[in-house]
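Once you scroll down, you'll see the structures, which are given as structure tokens.
Below are two complexes that have subunit A in common, paired first with subunit B and then with subunit C.
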Partner chain A sequence: MIAALVATLPDMPMPVLVLAAGILVLLLAIACRGSRPSGAAGGTDDRTDGGTVAGAIISAATIALAFIGLWSPASPPSGGMARLFAADAWFAYGTGLILLSSGGILAMSWRRMAGERADEAHLLLLLGTLGAVVAAGSANAVAFFVGLETLSLSLLGLIAYRPRVPDAAEAAMKYLVLSGTSSAILLFGLALAYAETGDLRFTAPPAANPAEPALAVAATILVLTGLFFKLSAAPFHLWLADVLDGAPTPVSAFVAVVSKIALFVALARYFAMTDLTGTSLPAQDLAVVAVLSMVGGNLLAFGQTNLKRLLAGSSIAHVGYLLVALLSAGPFGAGSAAFYLAAYAAATLGAFAALGAGPDRPDLAAWRGMFHRRPALALALSVMLLSLAGIPPAVGFFAKAYIVAAGVSAHRMLLLAALIVSSIIGLCYYLNVARIMMAPAPDTAPAMAARSGGTTVLLAALALATLLIGLFPGPLVQRTTALFLPAVPATETAARARGPFENMRW
Partner chain B sequence: MIALYGLVLLPLAGAAAAWLAGRASPRAPWSVAIATLVLLAGLLAYVTHAVPAGGGPWLAHVSAPWIPALGITLRCDMDGLGLVLLWLTVALSFPCVLLSSRDIADAPGTFHALLLATIAGVDGVFIATDLFLFFFFWELMLVPLYVLITVWGHEDRTRAAFKFFLFTQGSGLLMLLSILGLVVVHQHQTGVLTFDYFTLATTHLSPPLAMGLMLGFFVAFAVKLPVVPLHVWLPDTHTQAPTAGSVLLAGVLLKTGGYGLIRFVVLLFPDAAVRFAPVALALGALGILYGAWLALMQDDIKRLIAYSSVSHLGFVLLGVFSGSALGMAGAVVQMVAHGLSTGALFVIAGALQDRLHTRDLRRMGGLWPALPHLSATGLVFAIASLGLPGLGNFVGEFLVLLATWRVSPPIAILGAAGLVLSALYALTMIGRAFLGSPPGDGWAALPDFGARHMTVLGAAMALLLALGLYPQPVLDLSLPALPHDAARPIASPPVAPGGPRP
Partner chain C sequence: MILNAPFLLFALVAVWATFMVVTRAVAIHALLYLVVALLALACIFDVLGAPFAAILEVIVYAGAIMVLFVFVVMMLNLGRPDRLRENTWITPRTWVGPGILAALLLAALADALAMAPPDGGPVVVIDTRQVGLALYGPYVLMVELASFLLLAGLVSAFRIGRHIRGEDAP
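Moving on to the complex of A and B:
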């Protein structure tokens, strides 16, 4: 039995294996240290810090190895594993982004997670990363669900990581209830799909009897609803602002970046076999959610005086932009979605890193005059916001132009109109932050977070990457256009190869 | 010619150097900026000189791959129109730096870096012939200027800067849609994905589609020029910007709108432009009259000059859409002359504000005895701005009206009526500021213009006079090169087999 299990291991995608092994090692390390009779387990003196750093090193090594594992020449999964995992280029790209982002979040919480010891935080971070990778790569509904729940449950622990902060408990409670609800809806949808098709492949189910597609459509819509909850697309976004606000900053970054990448990769895989160019109910559902997310997210962020809530609104809006790319089947659709995912991840992670390095409270007022007090920090945050707003030379400019190109070539005029209107709304609040940072500094400086080397390095690297990829997007574009979801059947390829005017919908 | 890239990279390098110099000493960035501008002028002189004789209307070309997967290249070409406007940019950068930014006390390094970065963006706009690259520069020049106004502007600066950014960026997105629409249609027809201006000019467009795409470009450039219903950002922005920002905005940035109208609206969509011309001509006449009328009503001197810009640039719109080479040449002369005269007027208004701490004409008057040099230059440039024969503005307006007369006499009559109004507001401004009796009990001793100001403004005056008396060189150069005159033949792309046609 066990031998048979071990024999299947090499068929698993390498990052999954590495992450699982790393989690075991870290668990072991924590267990060893916890059993030492030093009596310092609950303390915050230097001895325990050594253990935390060891945990951080194990986590960093695991993430790095998993990243290297992406290039392992492993044979594509065969047999049973092929039904569980789709280790294709899209998976590799998504996993790469997830691992890089997790590494960045680890750099933000190297020693301390919001003032608490970070041992268990590292463990939960690795678990969440594993869940994200599994969810991004699963070709099977059960594997997807297991990955998603691993992600959600470790996030729950991370959100509630500050036991003495009431906001944290509230945020965790909110996340727990809504995440549970959405999981139930998702499961219901998966079950309906199984009832209709009799298999558990993670893909929008084709109707068994084309004359009566109601069950298949209902299954798809339910799964979509569950995914939208976790992606926090409007109108299922209400939890996001509270959770980001209540969680420690690195965890907010994890929710806004890693979990969204995983879910978007999964969402794109779910629809890889479906023609979203028509007026089918799921396509219309996606389009409506895209418009609501773009406009609603930006309106939510507009006028916020709390930077974390502002970023929550911006994150909702960016999910909307990503959905536009997903809906724009055509020569640019998949490539622009992949490119945008990278641009979004870099800029959002960078913005949260800047928040982590900035004043203790995420109030906008605390950032007044930051250009005069900490010019480098203010500049870094400005670069991230420019990227999110889509202004050159930051990478977000090209990313947005790429999505607009995809939309134009797929004739998604309504979606593009919503994109432009919401971009202009977005401009207002991003610029407002920049304006406040340029204002004269007040006399009393707010308390700043302790300077941390990890955050500084991360912020510098992300700012540099945002600008460099913005100036030279060529190589990344090359990579993302080659990423076409390979599981596309011939009929679908034909549909995508059709000229733009075939699917004209003004 | 690789030197074309230098026109963008040199100011950017200068910006970095100025920023670094600002950390060393507060006076150093100014010197760095001057040095950069001198080098830039030298480079432009070299580019002008290195043009091969008789090589066709496109004078210089350079290209390098940028994003090959999407057919985007770093392609730049320069024609006479671009050359004239590049020279205008350099010429106006000197007064910006020499006269108005020397005494910036607050973070001078950043100020000069942003100023040079704006110049780099403008230079890029005037030479880019890859549509994506053009759009990149178009957006790039906004950010530094936004920061310049937000930080160094006058009392209501943040709102003005915000309005400026929102209008330009919003209309820019419409242009992006048009660019991508054109690219997609071209790709659909030929199977080749390219953003190349010359290749895209060969796209066959159905009339409604051409009109739609052209309107996207038109709105973006009309906001910048500005054309009347879209001008609302301009008075606030010009009024609130620091003097160097006002000079740069009025002198150069507005010209990117005129340039875009010629290069992209009229030459890329000639048929649609002809069909749209009646509307554009009406808008132009409306702008001339409305701008002049509002200028007449203003008490704020910078606001008055800003509205006069709206009026003067209405002539550019008339000229561009008059459909004749004559009108086009007139529009270019008008752009150059307006850049010089209005730039100088903003310098003078800024100097007045520095001395009197007000821009309110009601609190001026009788300044001539106190500030004879400043008042005299003010009078000279105001007269230039109202179109006195012998100065550049007259040539531009005359040619435009002549060309418009051939197309539509009523519009030409309305435009000429605008000239009367411009005489009124220009002379009223002079009268209220410099003549008459001073408010209260006369002016205390005020510092007059020194040799530096007189030299720079005198040079601007000489250029205006040269343009007015002997405009032929500019007229010869200013005819824009047509896209199908490309110096370098464009390989005709293979046609994709079996692609459906619209």
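Moving on to the complex of A and C:
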């Protein structure tokens, strides 16, 4: 077994290997520290805090190394093996975003997670990142499912991280039940696909007998339903607001950013070989869900007085925008999806970082007059919300314009109409937050979270990135477009390692 | 091909038992039906030519996981003076439904075992050796990643369970 394992290790993408090794090192470090006898109560606190910092450093180093590992040359897949991973450019891009976001979340919680020691949080964060990377890069249904479940189970522990908080337990319970249900639906779909095609490739199954596509279509729809649950696209979105509200703020960011990036990357890979331009049943399903998510998510966020719930609605709506990009197969479609993913990740992560640095409770009322009390924080949150709303200086404007361009060139008029209407609804509530922050400050200041250096640095970096990429989107556009240009299959190896999007009809 | 009489019977038993699971009000009654449903699933696996999966289904699900369920049900009732009510849960009458279904399964299984396997039939038997070769050959990385999946579950359960016991910091 060891020999077989060593022989197949090069098949695993480098980030997966690095993350797995990092998890083992962190586990070892925690175990070593835990076996030491604990001293007096006063003395322990310092020492354990030091241990937590060591854990954070190990986690940060792991994430950084995994990020560097993205540039390692892809080894040719060994012959005769079931192909488990697709280490192509789309995977590298998605993994890069996942790792950067995880690094950001680590910066938010490197010492304390919701007032608790963050030892297990680091471990669960790395495990969740590993699951996300595996799910994003899988070319095989087994690999995808294992990655997805690793992600879900780590999230469960993170959501319930605050002890004796009824909201946290409730959120974890809701997540557990719905995640289990959606996994069952997903598995059912994968099993039907296996029954139809006889292989476990993670792609929408072509009908074995084109005259009777019922089984293949049913399999695709079931897999889609499972993915929609995890992506929290409407009408499968009901859990998101409660989970984001009950979880600690960094975990909310993890749910809203990392897990959605991973699943969207996987969703795009699932449909890489499928023509989504026509009126096939999966394409119609995607279109209906996209419209429902855009309109429903924004309506959900409209009139919310809880900022986390507001961001949950906004996150649902952004999944809808991403689906529009996915449906607009054309010269811009795939590139705009990749670009939008980056813009969404930066802005949402930043918004949650601002919430983490702000008042203890995520009530909108607590942010009243924040421009007078903490101008930098209020400015940062405004930049993130402007980006989410799609207002020019921030990157969100260009990202949305890119999707609209893709939609126009693919003649998706109905979807674009829904996008524009829901964006206008979105403007109202994003700008309402800014309006409340500019209002005169009340006399009683709400209790603020303890200042954390990590969050401040993250917030500044994200605000800068959001504005800079918004002003100079060229390099990122080139990068995202280059992801999907057909590489010249120079050798047989290169032909086998081709990206998923090259078979898409342009 | 596989839509023969035993398969249909197993499938009907599985569906009916699962229906009874979700409609029972008392957890213990539902568990009895759940055992039958899992046994029926195991029989289906066997008919499909996967005896190894069938045995695993019996050992892991009908065996280990069910014991866990029964344990939890018992622990949740700890300390309540309702022994009488518990006694009324398991009356001979509750055994009738699952018993009949299980007897059906047994009869069908015996019938299936007695029949000579058709030569060159469509059912290819996948034995333990093939499962092992697949797991430790092309899917060895999945076995390794599955260990990380278990680790994630373990750490999450540890984190949640530690505070249920009422401990603060270690």
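FYI, the second predicted complex is superposed on the first by the 470 of 506 C-alpha atoms of A that agree within 3 Å, B and C clash if a C-alpha of one lies under 4 Å from a C-alpha of the other, contacts with A are read in each partner's own complex, and residues count from 1 in each chain.
We take it that a residue touches a chain if its C-beta (ideal position, glycine included) is under 8 Å from a C-beta of that chain, and two chains touch if they have at least 3 such contacts.
Since the model is a prediction, treat every value here as computed from it, not as a measurement.
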For this session: For A:477, decide between first (touching subunit B), second (touching subunit C), both and neither.
Result: first
Exercise. Thinking of the overlay built on chain A, is A:143 touched by subunit B (first), by subunit C (second), by both, or by neither?
Worked result: second
For this session: Check the residue A:231 against both partner chains and state whether it touches subunit B (first), subunit C (second), both, or neither.
Result: neither
Exercise. So, A:386: does it touch subunit B (first), subunit C (second), both, or neither?
Worked result: first
Exercise. Looking at the overlay, does A:326 come into contact with subunit B only (first), subunit C only (second), both, or neither?
Worked result: neither
Exercise. Does subunit B (first) or subunit C (second) touch A:124, or do both, or does neither?
Worked result: second
For this session: Could you give the residue numbers on subunit A that contact subunit B in one complex and subunit C in the other?
Result: none
Problem set entry | subunit C partner contacts - residues on subunit A that touch it in the complex | 1, 4-5, 8-9, 11-12, 16, 20, 23, 27, 34, 38, 48, 80-82, 84, 117, 120, 123-124, 127-128, 130-131, 134, 142-143, 146-147, 149-150, 153-154, 156-158, 160-161, 163-164, 172
Exercise. Across the complex, what residues on subunit A touch subunit B?
Worked result: 331-332, 335, 386, 391-393, 397-398, 401-402, 404-405, 408-409, 416, 420, 423-424, 427-428, 431, 434-435, 438, 472-474, 477-478, 481, 498-502
Problem set entry | subunit C residues within the subunit A interface of the complex | 136-142, 144-146, 148-149, 151-153, 155-160, 162-163, 169-170
Seminar exercise, completed: subunit A partner, complex, touching residues on subunit B are 65-70, 132, 135-136, 139-140, 142-143, 146-147, 150-151, 158, 161-162, 165-166, 169-170, 173-174, 176-177, 180-181, 183-184, 187-188, 193, 499-500, 502
